[in-house]
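In the part that follows, the structures are each spelled out as C-alpha cells.
The same subunit A turns up in both complexes below, where it pairs with subunit B and then with subunit C.
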Partner chain A sequence: MDSELRLGVFLCDCGNTLSKAIDFSTIKTDLENLPDVTYVNISHDLCLETAQKAMQKDIEDKGVNRVVVAACSPELYEKGLISVIQAAGVNPHLLSIANIREQCFWAHPDKTKAAKKATTQIKLALNRARFLEPVEKTRIPVNRDVLVIGGGIVGIEAALELSNLNLKTTLIEKEAILGGKLNQFPNLYPLQVNPEEMLAARLKDITERQNIDVLTSAELIDVNGEVGNFSARIKESNEEVVRNFGAIIFASGYNTQFSSQIYGFELSNNIITQSKLEEILKFSSEVKEIPKSVCFIVDVSGEHSRVSTLSALRNALGIKEKFGSEVCILCRNLKIDGAGLEKLYRDCRNNGVLFIKFDHLPEISKQNGKIKIEVEDVLVSEEQVSISYDLLVVEETSVPPPDSRFLSSALNIGLDTQGFYQENNIHLYPTASNREGIFFAGNCHADLDLMRALTEASNVALNAYQLLAQEKITVEAERVIVDPNKCRFCLTCIRACPHHAIREVEVDHEKMAAQIVDLACQGCGICAVVCPAKAIKCKDGSDEQILSELEPFGEHV
Partner chain B sequence: MKIKGAFSPDIIAFCCAQSAYQAADTAGSMRISYPENIRVIRVPCVGRVDVLHILRAFERGADGVLVLGCHDEACHHLSGNTRAKNRVQKANTLLQEIGIDGKRVEMFTLAPNQGSRFARIANEVNERIKELGPSPVKSAD
Partner chain C sequence: MTNDNVLVIGGGVAGIASASKLADNGFQVYLVEREPIIGGHAASFGCKATETCSQCSVCLVSEKMREVTAKPQISLVVNSEVVRISGSIGDFEVDLLQKPGVVDPEKCIACGICTEVCPCEPKKGIFLPSPEAIPHTYILDRTQCLRFKGAECNVCQDNCPVGAINFEQKPNSKILKVSAVIVATGFEAFDAREKGLLGYGMYSNVLTGLDLERIINGQEWITLPSNGNSPRNIAFIQCVGSRDEYIGHGYCSQVCCKYAMKFAKLLQYQDSEAKVTIFYIDLQTTGKGFGEFYEACKKTIRFIRGIPVEIREISPDELEVKYEDLAKGKIAKENYDLVVLSIGIAPRKDSWDLAKILGINLGNYRFFDTQDTLDSNRTNIDGIFLAGTCHGPKDIPESVAHGIQAASKVIQTLKARTA
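Presenting the complex of A and B:
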C-alpha cells in the first residue's frame, strides 16, 4: 500500500435536508486544512447513481486512497458505497462512514447540538480512516461434494435436490434401510398424498441417480477440516472410510420416548403411546376388543409438540371412522398452524371429537379397568371435570437423536437446552449452524411437520449450493491474522472461536501456531480479545481503529 | 471548567453492528431523541470489546461507557454477548479499585428494532452519570 495517506471526504446533505441544520461549507474549509486531507466534496444524494459516478471520478482524479463519507447509516448504503470505491480502485475496506443522519440529526432535535456532534463524528471517521487496512480477496478451491446425514424423508429430499443441482451427494443412514420415521409411522404425518407412496417414489428416484451415493448402516464418527474441505470419518458396517466434502447437512431427525416421569404412571394395556396406536390402526381388522371411548392427551412437555398434535387429530378421526368410538383430546395449546390443518381440526369437531383444554396436567388414575381423568376445564366451566375412558393414548416426548450430543462436541456445533441442534439464529439463519458449511434440516433442530420439513430440505440444499456453486470460493484473505512470532500456542483462541475457524499449523521446525481459516471466519473479533499475547489482529475493527474513535472528547476537539 | 448544573457527560456506547447499532438507527428513524453526548462506536460484535478499550475510554476522558449487544442466546457469534458481560464486570472491579465508580460502565442487550429501548437506556444512563458527576480522571487533568 502507498505510504502516503490521501484522504477523500464526501459529505452528503441528504437531498438538502441536513444543510438547514449544518453548514457544510465551513466544515469543508475546516477539513481541507487538516493534514492528509486531499479532497473534500459536498454532495446532495450520494445514494443516487449520478452522484456515485461523480464520486468515483473524483476518487480516481484526485488519487484518493482512503474514503470518508458523512451521510446516512452505513446499514443502508455501505454496500453501494463500497462498490463505488472498489470501481475507483480503492480497497473496499478503506471506507469510513460517519452516521450523521440517523444518529445525529434525526435523533437530536436541538440543531446546534446535533451539528456539533456531526462535526465530531466526521472528524472521528477521519481518525478511523487513518488506521484502516486493505483486505485482499482470494479464491480458494473447494470440494463440491456434500454429505447428508440421515436417510429419512428430509435427508432423501435434500439429497435429491442437491443431485438436481449437480452436486455429488453422499447420504448416510444409521439403519439398514432408508426412510426413517416414515417407515414406522406413516400416519404420524398428515398429508393429502399417501406418505408410503411418496416415500416409495423418492426411494426409486434415488437409486436411479448417478450422483447420489447411499451408505446404509453407516454412522458419522468425526469431522476434521473446515468448510470447503471437510474430511469425514464414517463407519460403514464395521469398516471405517474417510471421505472429503465441501458441506455437511444434518437431517438426523428425532426420536420419541415415553417418559413416565412426566405422567407419573407406566404404560399398560389401556394406556398406550401414539406409535402403538399407529400399529393398532394399521392392522385395525385384527382388533378384537374395540374401545368404546378413547382419550388422547397431547402437549404435555413443552415445545416439540407439533407432530404429536397432528397425529392425535388424524388418529382421532381414524378411530371415529373405523371404530365409531367416543373420542376426546386433552390439550394445552393446539398447534394447528399449517396448510389444511384448520380443516382437519374442524373435521374432528364436526365428527364429534371433544376438545378439553388444560393448564395443569390432569390427574390420571385407574378405576374399575377404566381410566379416570380429572381435569380443570379452563375454557368452559373453569371447574374440575371428572371423566372416564376405556383407552388413553399418551403423547411421546420428542428427544434428540442419541448421537447428537456426541457429534455436537466432536464437530463443535451448538445444542439447544433440550439437546436438539441449535441454529445460528432462528429468525435470520434458520438452517445454518454456528459453523460455516454445516447446515441443519428437519426435526433434528426444530419442531416441524412433514410439509415444513420438506420445504426446509429444499432450502438447505440451496444453501449448500450457494456455497459450492463454483469450483472456487471468493473470500477475503487474512481479514483476521495471527502473528506467529507472538503466538505462544496456548489454544485459547481455538477454544473461544464460536465458528471453529482457527486451526493449528506448524510454522517453523516444531513451532506450532494458531491460524485463522479465512473461509470459516466470520470476523467477530472474539479471538483478538481473548488472546493473552495480543497476537491476533482484526483488520476490520482493529484496536487502533476502535481507539481512534475515542478521541477527541468534549471540548478537546 | 464547566458548571456542575450544566454538566453534560461524555458517554461512549460500544454497539454491536448486528443489533444495538441498528437499534440506534431505529431510534433516529423514529425520531426518538436521546442525549447527543452519547457517542456510538460500531463494533462487529460486542465480543470484540476488550476491558482495555473500556479503560482507555476513561483514560481519554469519558465519563461513562455503555456496552450494548444482542439479547441473551441471540448473539450471532454465540458467546459474544456473554463474554462482553464478563468483561464489563471485570472493568467494573478494576475501575472500583482505582477509585472510579464501577457503575460508570454498564452492559445492556437489545434487538435491532428496539429503538425506543435504546433511547430509554441512553437517557437513563445519562441521568445516572450526571448524578455521579465528571469522571475523576477528567478532573485530574
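Presenting the complex of A and C:
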C-alpha cells in the first residue's frame, strides 16, 4: 500500500440542481479540513466528458491516490468514472462512490434531512476510501484447446464453429459413431431437411478440419484444474488418456425413457415408443406389416415437454407420408411454440391427422388385437368417444444422460431438480455453468427444439472463444486472499465456494492451507464470510471497510 | 485485434446482445437506433415478480443496456435510420439519416430541470423516458411540446444549465463504412384493433398485454381505466393475432401464454380476491421451470378452452364476453371488469422498406428470411445477418441468444475472409 493517503473528493451538484438543498461550499470546507484529504472539487456535470477530463487532470496534478465521488447513481456512471481514474493512473479498486442524487435528494421530500443524509453518505464513502486496497491485473497463460462432450448435432455444430474460430477442439462421443439423435430421426419436420444428408455434410466437414479431433466410444471420467488449464481424464475404448483444455462444453443431450407406472401397462408389439416408431420409419422398406391405423398419445407423464409433442407431430406426418395410415394424436395442449410448428400442425391436419384433446387421461385397453381408447374429447362434447387403433405410440420422457449425476459431483457443477445441468443464471448466462470455463449447450440442460439447440451451439462456441481468444487470460490477482497463518484448513471455504475456486496447498512442512485460484474466483466473497478463523479477506469488502462505513452512523445512534 | 467495423441496425435486446459480443471480441460497432433511446420493446416491459421471481427476464434488459455504455467500442447512433447501402461483404457503405433531436445526448446531464419548468400539463413535453434510459438523456415529445403546437415557448431551453436544448437542429446524414451488417429491427405488437369485435380502442377496460407491461413498467398497480379501482374479475384472451391464417399470422408468438400467466399471478398478488380466467387454444407451458409455474397457476386461475369471439360493454365498468362453452356445446356469456388481449408478435409493417434497401428477402408471414433453413442468421446477401424477432417470434432470452449467434456468425465469416 502507498505510504501516504492522498484522498481526492469530487462532488457533483448535477447542474446546480442539488445545490439548492445543500450548501456544497460548506461541505467542501469541512472536507478540506479532514486529515488526508488532499483535494476537493465541485463540478456541475461530472457525467460529461469535459468534466471527466478535468477530473483526470486534477487527480494527476494533485497526486491523488484514492478517489471519492459524490454524485448520482453509480449504476449510471461508475464504469465511466473507473476509466477516468485508470487513465489518471489510479487503480480502479480505489474509487468510492456516494450516491447523493437518487438515494438522497430524489428519494426524500424533506430537503434538510436529505442534505443530512447526503453529508453522512459522503463521510461514509470517504471512510471506506481510506481502507480500499488496489487489485492488480495479471495475465495467466492458458491452454486454448476446447473439449466438447457429446457428438450429437449440438456438439458437432459447436466443434465446427470453434474450428471456424481457429480453436482446436476435441469432440468425444460415448457411442461408436457421431450424430446422436440425428441417426435415429426419420425426418426433421418442420424443417425440410433430410437428417442423413444434414449429418453426412457435417461429418464430411469435420474430417476435413485439421483442428477437430474426434474420439468415439469415449467417456469423460474426471477433470482437474480450472479454466484455462483443465486436465481431463478420458476413457477411450479401454484406454485412459489425459488431455489438457482451456474450456469444456457439455453437449451431452438427453435420453428418453418409457415409464410403465404412469400408463399402467407395458410395451408390447402394438404399444410402442416414439423411438421404436422412428426405427420403423427409418427402415420402412424392411417393415412387413404396415399398421393401418396409428394413435399417438402425449402429455401423459408431464405436460411441459416440447420434445415429445414435436416427435409426435413429426412422426405422425412421417407415417401419413410413408404408409398412408389413419393417424390420430391425443394430447392435452399442443406445444407449437417454435419456428414452423404451427405450420407443421396444419400440415398434419391437412394430411388427415386427427387431433383429440383430453383433460382426463384416456382409458386404454386391448381388444381383439387392437388398442381400444376411450377418451372424452373436450372440443366436441362431454361424451366419451370410443376409438380403436392397430398401433399405439406412447411418449417417452426426457431424462438426463446416465453419467450426468456422476460428472456433476466429480466436476462440482450443479444439477436442477430433474437432474439436468443447472445454468449459472437462467436469464443472464443461460449457457454458463457455476464454474468458469465450463459451458452447457442443447438438451443436456433445457428442453429445446433443433433450431434453439443450434443457437446455443453458436453461443457456447463464441463464449469459449472469447475466453481463450488470447494466449493469456487477464484476471484480477488476489482479489480475495487467504492468510495461511490463520487458516486452520477446516475446508469450510472449499465446501462453500460455488465456483470451485479454492484449492488445497502445502504452505510449509506438511502444513496445509486453502488457496484461492484467481482464474476461477468470481469475487463473491462467500468464503470470507464463512471462514471461522477469519483467514480470508475480500479486498472489495473487507471488514475494515465495512466497519469504517458504519462509523458515521455512530453520531446518530 | 481486428480492423473490421460492424453495423447493427436496431437497439433492442437482440441488437444490443450482438453489439456487445462483437465489442468484446475487438470489433468496432455502430449500433443504430431509430428512437432516441435504446432497449426497444423489452425496455418498456415491467418486472412481474410476486413474492417470488416469475422469471420474466425483463431485468436482463437493463443489464444488457448498461453493457452498451460500458463498452467504448460501441458507437451508439440514435434517432437514425439506414437509407441506403452499397458495396458487399467486407466493404459496405451505409448512409444514415439522423432525425433532429431537440436534446443533445452528449450534453444532457439528466438533472430534470427541463421537466420541472415545462408548462405542459398534465403530461410534460420533455421528460426522461425511463429511469434507466440509455443514452441517459431527456427527450422532447413533439406531440406535447407547445412549441410544436405553434407557441413561442423557450422555457426549457432558457433554463437548461448546460445548454443541451436546441430547437434549431437540422437532419443530419452520415456515411459509415462497415464489413458486415446485423439486422435486429425487432417486431411490432399486433394491433388489436384489427380484431374489431374484441372492442380494443372502443371500450376503456379492454387492454392488451403490452398496455399492462407499460403500466407495471411505471411501477404502478394495475387499475381499471374506467374508475381507477383494482380489477377483481379479469379475463385474458390468448392468441390475439397469433395462430390465425386468416390475418396472415399462421404462427405461434411463443411469448403470450407465459406473459398472460405471469400477469394473472401478479394481478392475484396485488389483490388476493381477484379472479382470473384465461381463454386459450393450447397452452404453451414449455421452457425450463415454467412447468412448475403452470402447476401453481392451475390452483388459482380458471382456464377455458376456446377463444371468445365478441366483447360488448354493457356498462362503463362491465364487459360481456361471448364464447363457446365446449363442455355444454353452447354459446355462453360472462361478465368481467377487465379484459386483457394477449396480443402477439407481428413483423414490422415497414420491414418491406428495409428489405428493399438491403436487398434481403422476406419470408413466411413477412419476417426477414434466411438463405439456409438450418442457419437462422445468414440472409441471401453475403455479409448481412439477422438477429432477434425480425426473424420470427422469440422471447427475451432467446432474442439475446440469437443476437449472440449472429455476432458469432459475423466473426466466423470475417475470419474466414481474412484467413
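Following the convention adopted for this analysis, the second predicted complex is superposed on the first by the 469 of 557 C-alpha atoms of A that agree within 3 Å, B and C clash if a C-alpha of one lies under 4 Å from a C-alpha of the other, contacts with A are read in each partner's own complex, and residues count from 1 in each chain.
Going forward, contacts are C-beta pairs under 8 Å (C-beta built on N, C-alpha and C of every residue); 3 or more make two chains touch, one makes a residue touch a chain.
Nothing here was measured: the structure is a model prediction, and the numbers come from that model.
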Clash-or-fit label for the pair subunit B, subunit C on subunit A: fit
First (subunit B), second (subunit C), both or neither touched by A:A176: neither
Subunit B versus subunit C as contact partner of A:T120, first or second or both or neither: first
First, second, both or neither for A:G525, with subunit B first and subunit C second: first
Partner chain(s) touched by A:E75 [first = subunit B, second = subunit C, both, neither]: both
Broader residue contact with subunit A after superposition on the shared chain, subunit B or subunit C: C
Which superposed partner A:A107 touches (first subunit B, second subunit C, both, neither): first
Partner chain(s) touched by A:C538 [first = subunit B, second = subunit C, both, neither]: first
Shortest CA-CA distance in Å separating subunit B from subunit C in the superposed model: 5
Touching both subunit C and subunit B, counted on subunit A across the two superposed complexes: 75, 428
Parts of subunit A lying in touch with subunit C, wherever the complex brings them together: 14-17, 44-45, 47-49, 72, 75-76, 79-80, 83, 161, 164-166, 191-193, 198, 302-306, 333-343, 346, 357, 378-382, 416, 423, 426-428, 430, 445-447, 451-452, 454-456, 458-459, 461-462, 465-466, 469
Subunit C - residues contacting subunit A, complex: 1, 21, 24-26, 55, 57, 59-60, 63, 66, 69-70, 72, 106-107, 109-113, 136, 161-162, 243, 245, 250-252, 254, 257, 282-291, 294, 305, 326-329, 364, 373-374, 376, 392, 396-398, 401-402, 404-405, 407-409, 411-412, 415-416, 419
Sites on subunit A touched by subunit B in the complex: 73-75, 99, 101-104, 106-110, 113-114, 116-117, 120-121, 124, 414, 424-425, 428, 434, 496, 498-499, 522-526, 528-530, 538, 540-541, 543, 546-547, 549-551, 553-554, 556
Complex contacts: residues of subunit B adjacent to subunit A: 10, 12, 14, 21-22, 24-25, 27-29, 31-34, 36, 39-45, 47-50, 52-53, 56-57, 60-62, 74, 76-80, 83, 87, 119
